[in-house]
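Before I ask anything, here is the structure I am working with.
Residue numbering begins at 1 within each chain, and the chains themselves are lettered A, B, C, D, E, F, G and H in the order written.
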Amino acid sequence: MTRKKTETGFATIDHQRESRQGFPEVIYCEGKTPAQVAHIAGRIVAHGSVLLATRGSREHFAAVKRAVRGARYNPVSRTITANEKNIVPNGRGTILVVTAGTSDIPVAEEALETARVMGNPTERLFDVGVAGLHRILSRSELLERATVIIVVAGMEGALASVVGGLARVPVIAVPTSVGYGASFGGVAALLGMLNSAPPA
Amino acid sequence: MTRKKTETGFATIDHQRESRQGFPEVIYCEGKTPAQVAHIAGRIVAHGSVLLATRGSREHFAAVKRAVRGARYNPVSRTITANEKNIVPNGRGTILVVTAGTSDIPVAEEALETARVMGNPTERLFDVGVAGLHRILSRSELLERATVIIVVAGMEGALASVVGGLARVPVIAVPTSVGYGASFGGVAALLGMLNSAPPA
Amino acid sequence: MTRKKTETGFATIDHQRESRQGFPEVIYCEGKTPAQVAHIAGRIVAHGSVLLATRGSREHFAAVKRAVRGARYNPVSRTITANEKNIVPNGRGTILVVTAGTSDIPVAEEALETARVMGNPTERLFDVGVAGLHRILSRSELLERATVIIVVAGMEGALASVVGGLARVPVIAVPTSVGYGASFGGVAALLGMLNSAPPA
Amino acid sequence: MTRKKTETGFATIDHQRESRQGFPEVIYCEGKTPAQVAHIAGRIVAHGSVLLATRGSREHFAAVKRAVRGARYNPVSRTITANEKNIVPNGRGTILVVTAGTSDIPVAEEALETARVMGNPTERLFDVGVAGLHRILSRSELLERATVIIVVAGMEGALASVVGGLARVPVIAVPTSVGYGASFGGVAALLGMLNSAPPA
Amino acid sequence: MTRKKTETGFATIDHQRESRQGFPEVIYCEGKTPAQVAHIAGRIVAHGSVLLATRGSREHFAAVKRAVRGARYNPVSRTITANEKNIVPNGRGTILVVTAGTSDIPVAEEALETARVMGNPTERLFDVGVAGLHRILSRSELLERATVIIVVAGMEGALASVVGGLARVPVIAVPTSVGYGASFGGVAALLGMLNSAPPA
Amino acid sequence: MTRKKTETGFATIDHQRESRQGFPEVIYCEGKTPAQVAHIAGRIVAHGSVLLATRGSREHFAAVKRAVRGARYNPVSRTITANEKNIVPNGRGTILVVTAGTSDIPVAEEALETARVMGNPTERLFDVGVAGLHRILSRSELLERATVIIVVAGMEGALASVVGGLARVPVIAVPTSVGYGASFGGVAALLGMLNSAPPA
Amino acid sequence: MTRKKTETGFATIDHQRESRQGFPEVIYCEGKTPAQVAHIAGRIVAHGSVLLATRGSREHFAAVKRAVRGARYNPVSRTITANEKNIVPNGRGTILVVTAGTSDIPVAEEALETARVMGNPTERLFDVGVAGLHRILSRSELLERATVIIVVAGMEGALASVVGGLARVPVIAVPTSVGYGASFGGVAALLGMLNSAPPA
Amino acid sequence: MTRKKTETGFATIDHQRESRQGFPEVIYCEGKTPAQVAHIAGRIVAHGSVLLATRGSREHFAAVKRAVRGARYNPVSRTITANEKNIVPNGRGTILVVTAGTSDIPVAEEALETARVMGNPTERLFDVGVAGLHRILSRSELLERATVIIVVAGMEGALASVVGGLARVPVIAVPTSVGYGASFGGVAALLGMLNSAPPA
């Protein structure tokens, strides 16, 4: 077996992943130095792949920008992307990202950026939490035309259960740390979503 | 100050409570022997008060029945009651008890028995969890005519949030241990309910 | 159904809530940018409603002040309010807010501001924790004339149990994160309050 | 709106769910009496729908068998099924269920029965945990021909991560309570699976 | 150094402890076989020491009774004692054991038996929880004449805080598992007691 | 009853505590503003009592110093004291404070300051953790002449168990947050100390 | 690659493990039926390997005994063994198993059986917990002649720290669930051992 | 017994440890002042021992450098070392340190420095997590020539299980706090590693 990976001492880049799974390695920036992220990003882009780095700070981006031409930073989602011209539409339909509140938007944007660079059309439906149920009930046409729905919510995460009961398609629930103290930094939403009764 | 309590060695009955708070002491049966429960029940009834004992087993009831004429046992709610003729209607309106599922009924029945012996008219709305949202939406007239709503739910407890968003009256959320492993015996429902966004 | 909500991209304001539940949406500021809070606040005020924003920083307030004439900031409770002339007294009696210690005052003030803008007269009874029980026992007249009592306490939260045993009216217990390490940031108070024996 | 649900006092059956989501309500047996389960099962079957009840005991099955002709019980998965002739193949490809160990089989069988009655062809790959990695590596053809893979594992749940790195298709990870004390009844596997790095 | 301990294969009895700390080893019965407990008890009694075994079942006692003449079993406290004639009064004053409820008595009795065999006079004050505060306030003379007070309580454990605020002497708080689900088997009481504000 | 307390709006000072329990109220500074601490401190000192404030920052101290002549700050223990001339020796013997490591000293110093202002002679024995057992074994004369021993330790807190096995006097165990990640900020030490087998 | 494993539907036996790691697969019996355990055991023995099955009940053993000649059951350790004549001494020195108390012996015996069938000479040192420190200090010669020491303890697990400070060889700490409520079923011992300061 | 320890008031240095366990005391810097660390370091070096201090900040190092000639700081591992010329090769073979990702390197470097100053040759294998399994499979020669393998991983920690299944030598698993929210700061990795099925 010919090893298709580039070793850089601190990183063993898995260039096989693109052929094995359809998208190259994603860089998780936290805990890496800007120089490490920039080095890995440079290798991925040099390989002709689309770049996606998550949890990136402005310092990470500054280093990447010096190494990779045309890199872009989304400060809300904290993602760094490059080589977007190489994004291949995957043709499986639209991913709808729904949030319970405005405070959940940064997490939603990370999901949206990830979906987008992997070739999916996306739609947004923000701030439609269950305290005002009519907000989601009145947008059923959006739920119906999606292929996958991602529900992003903090606090008790009940929106995921409600959307799960309304939708025919797979629903991916993403807890956030939004909430008062008893949300325990997202644990309440996580548990709520893990227990959301899975309708067929 | 004249002490209005009856000491029986193992129990210091608080007969003042009825005048102080409008209902006599409630007996919590778990951890008490049948003889202890029967003894305390006998004192409460001898004092002319309505009896309510919760978490009672059939053994507890058997002992109470020997000590208190006309005692009744509800095996679903596991409550023992007596002196019901002395229940005083309190005239504050109906308490509606709602459950997410059929498995939550035992807890709901404990709430209903408690509400009833304290003089409240009650109504039931069972098995209307959020997986089939139309079940609760179609019964809005019930929600509207209640004075207080008690929502009993396990799993993620999302029904409390939904009812909280629909109702104008105070909603009391009661978690149950119904659910798969990730409900952690009711912790998921408890956290969900603690974080349920309180609309004004 | 005519949709009574204003979509602003990042927020779906629920203007129906005022007619459905008697008070408009409350803005939870954490996780929202100052610009987002100001935008939502502007819409609520433009709609003629009373504004209440909680967990607001000075930066949030600075943005709101530019958008909303007459906005006020309470730095202890961290609340932003406006349109207070439109507060409607609801005529249901006084809400008494009790704290165990001086360190619990910021949470108490958030409760007081919330009660006030929703049209309730309020009273304060601060720093009457159970270590010096005579402090609460000597103020029984205050407990008796309240319609609802809110008990705010950290550490073990025992004050809620004591007030619950003294009062005839509903008691709402609010845990705070005040305390040494073993309070686990408020968990001890939360558990204490959840288990506070509810006398009738 | 015509209400398409049958109220039986303790249960509000959601017959709309089949048209809304493609499969009727699933009965969760725990916490329900055998009579309750049998009653609900009878209604579902009378409506012409496929029956699936999970977490059923032999007592639950005995009651269902009296109410529903041809009901079957799988004692490993603890599922009760009926009306299987009405199963509609959904044509989306095979679901592969993989387990880390033999002790995980009961949970795997519940997943397999659920997949089957919803119209999916299924395959099994049991006892291929990561302690002997060659067991899963040598069966890559099975992983490749599945449309969805369900990984069932207890202990540390590492098999999910390994399969996630090998497969191109969505992987659903299911933790079990198999393990020594430090598995905390499945929490270790649950956390392991929640953190399994999701390759694109 | 001459080793003063008796090895019996499964137990290394610490006969030095009596001279080092004033009381011989206490046998914790859980997890030991009746034969093991009886063997260790026999050695302690043969050494002339007072015997105390805690968490003993009736099976443990049956075995001890065969090995040790005059052994006694208290089924409420689950303690086995013998050689009580050798108890030496320690002359430091009375230990008062207080409980919040009747259900806490078994734990209180274990404390009382332990205090007694170590030579302390004891008094009881049972079922004086904070829901009826006058019950403890009216018994201040008991609190005043104790040398040490042990407070045994489940649920939120608030009685410990109240007694701590009233008493001049050291207060030892003992949590029990009495309570509804949210007591988490005694964790709520444990945390409440750990955070009980220690007045000087 | 004449109320012996001074109300200052934000604080209800319990001046009775000194006669009831032998030491005036201790001020817990966290969560209080410097002005609040200074105001309460001023009242305590004006009343002729010894002042002790814990968890005080330099900002707290600066405010107290302006209000109270002769106030002192210990930056290691973070305590503020004043009126030390009024300390009354209580004559009950020496309190020995032992630490497992050097990092535990700040917590030990808080205990030492508290013991001192309450009139107790104190001794120190620092950095004698169980990894080098001879360090504590060689100082047995110190353990023997103490009346009470306070053991301060982080990590696994095993020193408390070892001292408990060596000493004849009451041992008070105090967990600290010293340790690597698996100490969970002191939880490991807390649990270790709660389970330390209490020899008689 | 020739696959050296035997598939039996419910089990994929990893016969490679013996050559890869020096000992064949160990059967974890919990969650497996007696028939499944017996089938797997038969295959392992037929392959000529030493059999070790852990967490076996008497029912598991009864089934294995019918399938495997000469199988033995240790009811204390709950292990099933066979083919012991094939045990190969590994010549690396003695493993010493130490327990804090008598109640920890079942876990210690599981460790001893495991060590033994893997070819190690073993020694026992039981009931030498830190409450009576001289018990372990007086046996230093045992600690010195071991190659590896396994410390088995419940409650706070402090014995592991003490042995770790005395021994030159690797110490493996094994927590048990022995203890009062605050041991949380072994969590206290687990945390204590995870934080045991690792001397070089 | 002559006491071989140097008391410095805040520290009781255990100079016996080197002869007892083969390496002198390691300084844990967190919670110690720079002056305390420098003082202890000076004593260790003056004694002729190799210095190792962990969790050191640049401030700690600055103080040590003034007290100890030739001290070195590794900012990645946050270790301070000195007297390295006195390192004695222990001749037991190479320690291989493996990480799942680049973000785990700081923890790996702390392990490497510790291994090195204790006289072990070391090797690195970084960023070979299970999402790209071929990265570790292709380096089996490294696993085979190690004497001990240390696996450092965050998130779900599955790499430890995979290495444990491949290696013949002892594997030490070290969890890190790398990961998204559901890693709970390293708890997921810790639990994963505690449950990693230990092959013989």
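As a working rule, a residue touches a chain if its C-beta (ideal position, glycine included) is under 8 Å from a C-beta of that chain, and two chains touch if they have at least 3 such contacts.
The model shown is predicted, which means the values in this text are computed figures rather than measured ones.
Annotation of chain B and chain E: jointly contacted by C, touch as defined at the top. Counting steps between touching chains, the shortest path from chain A to chain D takes 1. Ranked by separation of Cα centres from chain A, the top chain is E. On a Cα centroid basis, the chain most remote from chain H in this structure is B.
Looking for a copy of the B-E interface in A-D, D-H or A-C, one arrives at A-C, which has over half of the same contact pairs by residue number. Spacing of chain A relative to chain E, judged by their CA centroids, is 56 angstrom.
Taking the mean of the C-alpha atoms as each chain's centre, chain C and chain F sit 35 Å apart. We define each chain's centre as the mean of its Cα atoms; on that basis chain E and chain F are separated by 28 Å.
Residue positions of chain C touching 2 or more other chains: 17, 25, 131-132, 166, 182, 190, 194, 199. Taken pair by pair, the chains that touch are A-B, A-C, A-D, A-H, B-C, B-D, B-E, C-E, C-F, D-G, D-H, E-F, E-G, F-G, F-H, G-H.
Against chain H, the residues of chain G that register as touching in their complex are 17, 20-24, 26, 118, 166-168, 190, 194, 199-200.
Interface residues of chain E facing chain B in the complex, by the touch rule stated above, are 101-106, 126-128, 131-132, 134-135, 138, 154, 178, 181-182. Residues of chain F touching chain G in their complex: 129-133, 137, 155-158, 161-162, 164-166, 179-180, 182-184, 187-189, 191-197, 199. Of all residues in chain A, those touching chain H in their complex are 1, 3, 5, 9-14, 16-17, 25, 28, 30-32, 36, 40, 175, 177, 185-186, 190.
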